[in-house]
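Letters A, B and C mark the chains as written, and numbering starts fresh at 1 in each.
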């Protein structure tokens, strides 16, 4: 069974982000890039499915500029069999829909039977590509999955999705799209062998023209980025614990009106 | 000159760092306090391929290089020096000589399970009466048909208790002095081979340092590594590589203590300002950072020479000397930056201080490193100058 | 006249809209007075629920009632909602952030070929455009986005927008448009309920208590739950506490957990790592209790007490009890 995992390279959470001169993007200087954490859950799950079945292929796919190769290579080091890099300036302003359209074409070209995505990328937190892929492909989709099992003849997948108050379990006929939630698994570290072997694995470059047809304009565009308005300075309440607590309760009640 | 790690080396470094931060750091203080060998995390290090980094995949290793070994080891040592020494011995002192001098049959039996991290190997050279002067071996191996009969004691053997294989150096021809030393792989459980006491140590407390006792221990001749009389050369070659590992360990210990000091200088206030704003503290931090970088560069140079198949003995000795002295100095200053808190276990720089000390002692004391460096400079390897 | 502002109804799976709908409807009414329509896909709507939507200010309720809509499956909902959108041409489609709405409106936007602004915290009409504000990069920056064409699809972060006041007597015209219900691809197997803590749900609660590494162990969360019961707060945890196995992941607040925006957030023994701040920094009032005066959470806290949480929590529970008994 062929499993395709979509990944996104994002700035490390701990990285300082600064707004670039254009006011719409971030300044890439000094940023540490990582594979978005939810995507690592997706990669891990794909590898586990392959290992459990004893056969299959796991392909990592990402859309983005040259630096994205590094993220793909780390997926290869984790154990993905090969990678596809959608790299074309035509996608520079891609929104979720443009991204999903490109990925959907790759999924069709590859005839993947299962697509795993992270719940959302931790840069823009849109969390839309999984559902939009499902829509473009006409496949069923389960969001925020906490567990999954593929049936023996790879005809369907049983997935438990997290909802408010519990888990909902569904059988989805394959092909299907799943969005990984934290808690699905614990992603592995790449082994040294995996790292050493990654450079022998293929990363295929695809341009927009390789997917046939022009790139449609984005439907959502960024007008501008801005820093958070600073919070007014807070107040450390002094005094022994009973006194401080009394004062806190009074302030919450009378000043902040939060209780 | 290119001073940049390759993409693979960077990934190995990142992996080792993440693993060290998430799996080793949280237990480091506890295993130090309890002097407990960390079986679980060492096993995981094996699975990640950290126990046979430069051994080819064919023999169970990862097929990477000495530079990868150095950067990974530094990251592990940054979190815990005990884990680092276990890793260093497995790679440098056991794995490297087995790869270099072993026959394919020996590599299959004695190297593969160790390089793949399934079990450990140790290096048994030091004796109660033979530390820095390793030419003076009292352990004897006497040929008896297809076997040797080994008698003697080895002391301060890192991973001695936990290893399945010991690389043991014995006198096979007393008259020949150090040219009469031979190397043998002795398997755990061999009749006549027992482990004596485990040492209670100042530092690297979670690693096991044990005494190995051989009493009429029968070792097949097929377990002899290299020729009779080649043992001393095997030992010295292994230690040359091992010194690169200890240098990396020392850099890691120093880097860990330094990072804690920087963090502390950014949060602790004295005389109304953060202590990092006091020039005295700034100077200490600047000296620490500079010395660590110097030690790291020396270590990487030695590893690069080894990877390039060029002579590295002097470079390894220099790296080990400078890095271990740096580790001790940095750890001492790190406590100073922390003031009284540095003396308290909770702040962890005292562990770096205790762990750093051994790097000036094992695989050749600092004094021995100077001897090696000076003799190489003077072109005098028999000590006649 | 421009199209309506649709508010996709999130319900309690029992025929009533969730309270968060007052916020969605309130914001829609602010942006498009008189053009607010509630669109409700459900297996069974209650009369009281329909009345409530009217009282909140929906002029019209488009009720799509069909057994096929429960449990929620995106392929079924999207087909019906898209068909209706084709007939009605709404100008905007708004929904609250919940697990299913995030998926549903994303899929619907793809079907309609329009943009989506997820997890928005503000809207402004600029000329004939709608501009949404949304936190990005772990909440370190705000991004303003706009749509190339209508309908403008967005989800709204709960507890951020001012809820519409309930106006008794105000009613909506309820219509039951005919749409085809597509066959479901997904087959429902079971629903596994979480063991209820009896406390409000994290993302919906107006007050949230969070326990971090300073809680020292799973057994100590009971003191936070006691406090939670007194003030009607949800109890969550930081990633450090979740990763240590003290609390299940569903209680995690932060970048790889739930994003919350309560009126009052109380952090106990929470250091305030960027990870955590990403999930709670839009809280209105932030209180931090930590014995480390350098803990980063104090930088964003409105009120802080530097003390041992194990001393503060019982005292606070006692004081709140006194206050609420009055």
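Quick notes on this structure:
Please note the rule applied: a contact is a pair of C-beta atoms (placed from the backbone, for glycine too) under 8 Å apart; a residue touches a chain by one contact, two chains touch by 3 or more.
Worth saying up front: this structure is predicted, and the values here are computed from it rather than measured.
Taking the CA centroid of chain B as reference, the farthest chain centroid is that of C. Of all the chains shown, the one with its CA centroid nearest the global CA centroid is A. In this assembly, the C-alpha centroid of chain A lies 21 Å from the C-alpha centroid of chain C.
Inter-chain spacing, taken between the CA centroids of chain B and chain C, is 54 Å.
Note: centroid distance chain A to chain B, computed from Cα atoms, is 40 Å.
Shared contact sites, meaning residues of chain C that touch two or more other chains, are absent.
Interface residues of chain C facing chain A in the complex, by the touch rule stated above, are 71, 73-75, 78, 98-100, 102-104, 106-107, 109-111, 113-119, 131, 134-149, 185-194, 196, 201, 203-204, 207, 231, 248-250, 252, 255-257, 263-264, 274-275, 278, 281, 284-287, 293, 298-308, 311-312, 315-316, 319-320, 323. On the side of chain A, the complex with chain C involves touching residues 11, 13-14, 17, 19, 26, 37-38, 95-97, 100, 122-132, 134-136, 139-144, 158, 160-173, 179, 181-183, 217-228, 231-232, 234-237, 241-242, 244-246, 248-249, 251-253, 256, 258-259. Of all the residues in chain B, the ones that touch chain A in their complex are 7-8, 11-12, 15, 18-19, 47-50, 53, 57, 62-64, 68, 72.
The touching residues of chain A, counted against chain B in their complex, run 70, 73-74, 77, 189-193, 195-196, 198-199.
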